[in-house]
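Following are the structures in question.
Each of the two complexes below includes chain A, the first together with chain B, the second together with chain C.
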Partner chain A sequence: MATELSLGSRAAPDRLRRHAGKILALAALLVWLAAGAPPREVFAPLWEWSPALLKGFALNILISLLAIGLGTLLGLAIGALNLSPLRLLRLPGWLWVQAFRNAPLLVLIYFTTYVFPFEIRVAGHYLPFPDWLKVTLGLALPASANVAEVFRGAVASIPATQWEAARSLGFGRGQILRAIILPQCCKRMLPPWMNLYAVITMGTALASLVGVHDLIDTAQIATNTVNRVGFTVLIYASVLGLFFAYCYPISRFTRYLERRHAFQ
Partner chain B sequence: MSWLDAFVQWTGWLGLDYRFLLDAYERGSFVAGAWVTLQLCLCTMAGSLAVGVALAAALVSGRPWLAGPTRLFVEVTRNTPTLVQLYCAFLVLNMLISEVIGGANPFTPFAWVVIVISLHKGVFHAEALRAGIEAVPQVTLEAATSLGFSRRQRLWRVELPLAVRFALPSLVNNLIELVKMTALASAIAVGDITYASILIWTQRDNVLELMILILLFFGLLSFVVNCLGRGLEARLRMPGYGH
Partner chain C sequence: MPSNDSCAPLIALRDLHLSFADTRVLRGIDLDVQRGQAVSIIGPSGSGKSTLLRCITGLLRPQRGQIRVGDTAVHELRSDAEFIALRKRVGFVFQQYNLFPHLSVLENLTIAPCKVLGRERREAQDEARRLLGKVRLEHKEHAYPGELSGGQQQRVAIARALAMRPELILFDEVTSALDPETVGEVLRTIRELIEEGMTCVLVTHEMRFAEEISDAVYFTEHGVIVEHGSPRQLFNEPRSPRTRAFLQHALGRGERERRPLVPAGAAAR
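Right, the complex of A and B next:
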C-alpha cells in the first residue's frame, strides 16, 4: 500500500483498473440507494434497534477478549508444562491439549454452561456466575489448548543449533529459554495467535445458543418483534457485516505480519 | 444386553448416571443422533471437497470477473461466524424461498446444514488447494502446455493431482474441523448427536455423562478421519514431491 501511495498520480489509472470490481459494487449500491428508494419501514426499525444490536456486539467482543486473555495465560502455562523434560509433567499438558482441541466449540460451550453452577459460594457469600462468563470459560478452554500448541510450535521452530550454541557457551536450560528462545518466540507466535483470536471472536456467536443476550440473540428478538421480511434480511445482513468488519482487519493484519515474517 | 447393564452399574459406581442407555427409546434416539451426525459428516465432506475444487479453479482461473467475486466470497466466508451464515441461509434464504414457491419447500434443515458447512469448509479447502496449485512447478505446466493440454485438461490432469498431494495435510485438517463443525446442526434442530443429547439431558439432568459420550464420539470420528488422511498421504506419496 505504501508503494502505491508514493507512486501518486502515475498509478491512478492502474489503481482504477485493479479496483474495478469494488468501484462497480459501490456505484451499484449508490444507484440502488438513489433509485430503488429504500423502504422507510424497513430501515427505520433497524435504526431503532441499532443501539441494542451494538450493545449485543459489545458483549460478544467482551467475551472474546476475556476468553483470549484467560486462554493465553492458561495456554502459556500448559505450553511450559509441555516443554518440561519430565514425562510425568508433559502428560497432563498433552491430555489437556488433545481433549480441548478435538472437542467441538459448541459442545464445550454447552459443557461449561450446564455443568457449572449458576452461583458460587465464596466465604459465605453467593456470587452469581452468569451465563456469559460460563461461555467465556467455554471459549477459553479451547483457546488455551490452541495457545499451548502455538507456543510449542514456536519453540520448536527455533533452530536446534541455537540451543547447542547456547549450551556450549555455558547457559543453563532455563537461561536459554528465558534469554534466547522465548524472546524470539513472541514474534513468531503473534500471527497464529491473532488467527486464534479471530476464530474465538467468531465462536462467541455460539453464546446465543445458551441464552446469552449477544448480537445474534438481539437480532432474533428484533426479527420476531418487527416480523417483516425486508427487516429480517437486513438485520441478518448487518450481523454478518458487523462480524466481518471486526474480523477482516484482524485477518488482513495477520497476513501482513506473516508476509513480513516470511521475507526475513 | 447384559454388558450394557454391567456398564451402567460400573459407571454408577463411579458416580456417573448412564441409566438412559437402558431405556430403549432414549438409547434409540441417541444412536439415531450419532447416525445423523455420521450422515452429515459424509455429505458435507463430499460437498465441501466439490466446492473447494470449484472455488480453487475459479481463484486460479486468471479471469478477473471470476476470480474477483470468488475472492470476495472467500473473504466474507472466512471472516464471519458459521452460525450467522447458517442463520442467514436457514432463516433468511429459506424464508424467501418458501415465500416464492409456497408451502412445498424442498430444503430441509439437514440440507441447509450440508449446504452451509460445505460452502464454509469448501472455502478453506479452496485456499489449501490454491496454495497447492501455486506450488506446482512452472516447468511442469510448460511441459503440459507444450504437449498440447488445454487449460481444463491441464487443471484436471496435472495441476490438481499435484496440488492435492501438496495440500493433503491441510485438507485433512479442514476435514477434522468439519467433523467438529457438524455439532452446529443442533442449532437449527437437526436431530444430530448433540441435539439428541440435549433432549436426553433436559429429561435426566445428566449433562456430564452425555458430554463424555459426545466428546468420545467426536474424538473417534476425528481419529478415523486423521487415520484415513494419513493412509491416503502415504498412498499418494510421490518420491521427491510434496512434504
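Right, the complex of A and C next:
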C-alpha cells in the first residue's frame, strides 16, 4: 500500500504539469463564472440562441469540408502539372500556386464573391449561386495552391535513389510516379494536409463578412438582439470554444501522425 | 587489348569520358566483359567505379566514348523506350539496396516483372518465391524492407534484379553499407550466381572476394584503368606501382578485419 501511495504521489505532479494549460483554462472559466457573470439573465438567452449558433457552425463545417475537398482535387491536378517535364505545362501551375498561396484569404473571398454572378443560367434555367458557395470557392483556391505545394514537397522528399532503382528495373517515368513515388507520398502528405484543413476551417469565420449566415454572423445578430455586455462576452467565448473544440483534436491528431511518421 | 577471337564481348566500353561540371570522373575507360564472366573493378573511392556501372545501364550518359551491351550501342540510345529495352536485360544492385519501402518483399520482386515485362501475376509470384528460396529468404515474403537487416535487404535486392531474368548484373559496392557479420551471406549469394554462369560486373572493396571469384580484375584510379588482368596476376604480381601501393593499403586493412570466407568451389573457375 505504501508503494502504491508513493507511486501515486509521484505521478500526480507529473500529470499536473502535463495538463497545466487545460487546468488553468478551466480555473479561469470557473473564476469568471463565479465573479463576473450574473448567470441567469445571460445563460438563458445563450440557451435560446444555441440552436441557431449550432446551425451557423454547421454551415462553417460544410464550407470547410467542401473547400478542402475541392481544393484537394484541384491541388492534386495542379501538383501533377507542376511535375511535368515540359516547362510549358509547369508554368501555369507555378503561377496558380504563387498567386493563391500569397493572397490573403479575405481578399480571395471578396474576389470570388464579387466576380461570380448571384445566379447561373444553365440550359434555360436560372440556378442560384449563393454566397456561401462563393466563399467555399474563395477558400478552395488557396487550399488548392497549398495542396499543390504539399504534393510537390512530398514528391521531392522521396529520395532520388528510389527513382534510380525503379529506372534500373526498366520502369518509365509515369510508371515510377504511379507505382513507386505516389504511394510513398500519401503518408507524408497527410499531416500537412490536415494542418491545412484546420487553417481553412478557421478561415470560414471570414464568411460572415460577405453576409453568409454562419456562426459568427449568427453570434453578431444574437449580440445585437440581446444587447447585454455579459451576453456578448459569453457568446463570443462560446464561438471560440466551438472552433477550438473542432480544430484542436485535428491538430492533436496531426501531431500524433507526425510523431509516428518520424519514427518510421 | 580487346579480343575478337571467339565471340564479341557482352559488354565493351571504349574510351569513355564523363565529367560532372568541372570534375572529370571518367577519363578514357576501356573495358570488356565476356558472356558468363565475373569481372571486378577495384580502386580507391572517387575513382569513378560506380559512375562506370551507371553508364553501362544508361543511368548516366558519358560525354564521349562508346558503350556496347550485346548488340545495343548504349551511347546512341535516345528514347525512353530504347533505354527501357536495355534495362530489362541489365540488372543493377545498389550499395544502399534501394528497395521500395511501401511494398512487401514479395511485391518488391513482382512489381517490375508485372508492370515492365507484363508477366502474369501468379507466374511472377511463383518465380519470386523461387528466387527468395535461392537467397534463403523464403520465410520473409510478407515482411517489409524496414523490418529486415541490411544483409537481408541486399539479398532481396539481388533477387529483385534476378526477377527480371537479366543477361547480366551490375553490383555497385553491394557490401559497403553492411554490418561485417552480414557481408558473408551476401557474398555467398553472389558467388552462387557466378557459379551458375551469370555475367557479373562487381565494383567492390572486398579484395579477397574479388581475387577468389573473378575471371578478370580492373584497377581504376582517377578515372582511368591503371591495370587489368587475371586476379592471380593482378593481386600477386601487379605491374603498376600504383596498383601495388593500393593493394598493400587495402589488403593490410583487410587482414586486420579478416573474416572467414564461405568455403567455395569457385576458386577453380
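Assorted remarks:
To be clear about the criterion, the second predicted complex is superposed on the first by the 227 of 264 C-alpha atoms of A that agree within 3 Å, B and C clash if a C-alpha of one lies under 4 Å from a C-alpha of the other, contacts with A are read in each partner's own complex, and residues count from 1 in each chain.
Convention: a residue touches a chain if its C-beta (ideal position, glycine included) is under 8 Å from a C-beta of that chain, and two chains touch if they have at least 3 such contacts.
Please read all numbers here as calculations on a predicted model, not as lab measurements.
In the three-chain model built by superposing on chain A, chain B fits alongside chain C with no clash.
Touch criterion met: A:179 reaches chain C, while chain B stays clear of it.
Between chain B and chain C, more residues of chain A are touched by B. In the superposed model, chain B and chain C sit 100 degrees apart as seen from the Cα centre of chain A, a figure rounded to the nearest 10.
In the superposition on chain A, A:116 contacts neither chain B nor chain C. Of the two partner chains, neither chain B nor chain C is touched by A:94. In the superposed model, A:170 makes contact with chain C only, not with chain B.
In the superposition on chain A, contact is made by A:251 with chain B only, not with chain C.
Once both structures are fitted on chain A, no C-alpha atom of chain B lies closer than 24 Å to one of chain C. On chain A, the surface touched by chain B in one complex and the surface touched by chain C in the other have no residue in common. The residues of chain B lying in touch with chain A in their complex are 64, 68-69, 72, 75-76, 78-85, 87-88, 91-92, 95-96, 99, 176, 180-184, 186-187, 194, 198, 201, 207-208, 211, 214-215, 218-219, 222. Those residues of chain A that touch chain B in the complex are listed here as 20-21, 99, 102-107, 110-111, 114-115, 198, 202-206, 208-209, 216, 223, 229, 232-233, 236-237, 239-240, 243-244, 247-248, 251. Within the complex formed with chain C, the chain A residues making contact are 161-162, 164-173, 175, 179-180, 183-184, 264. Interface of chain C with chain A (complex): residues 57, 59, 80, 83-85, 87-88, 90-92, 94, 96, 98-102, 111-112, 115-117, 146, 160-161, 164.
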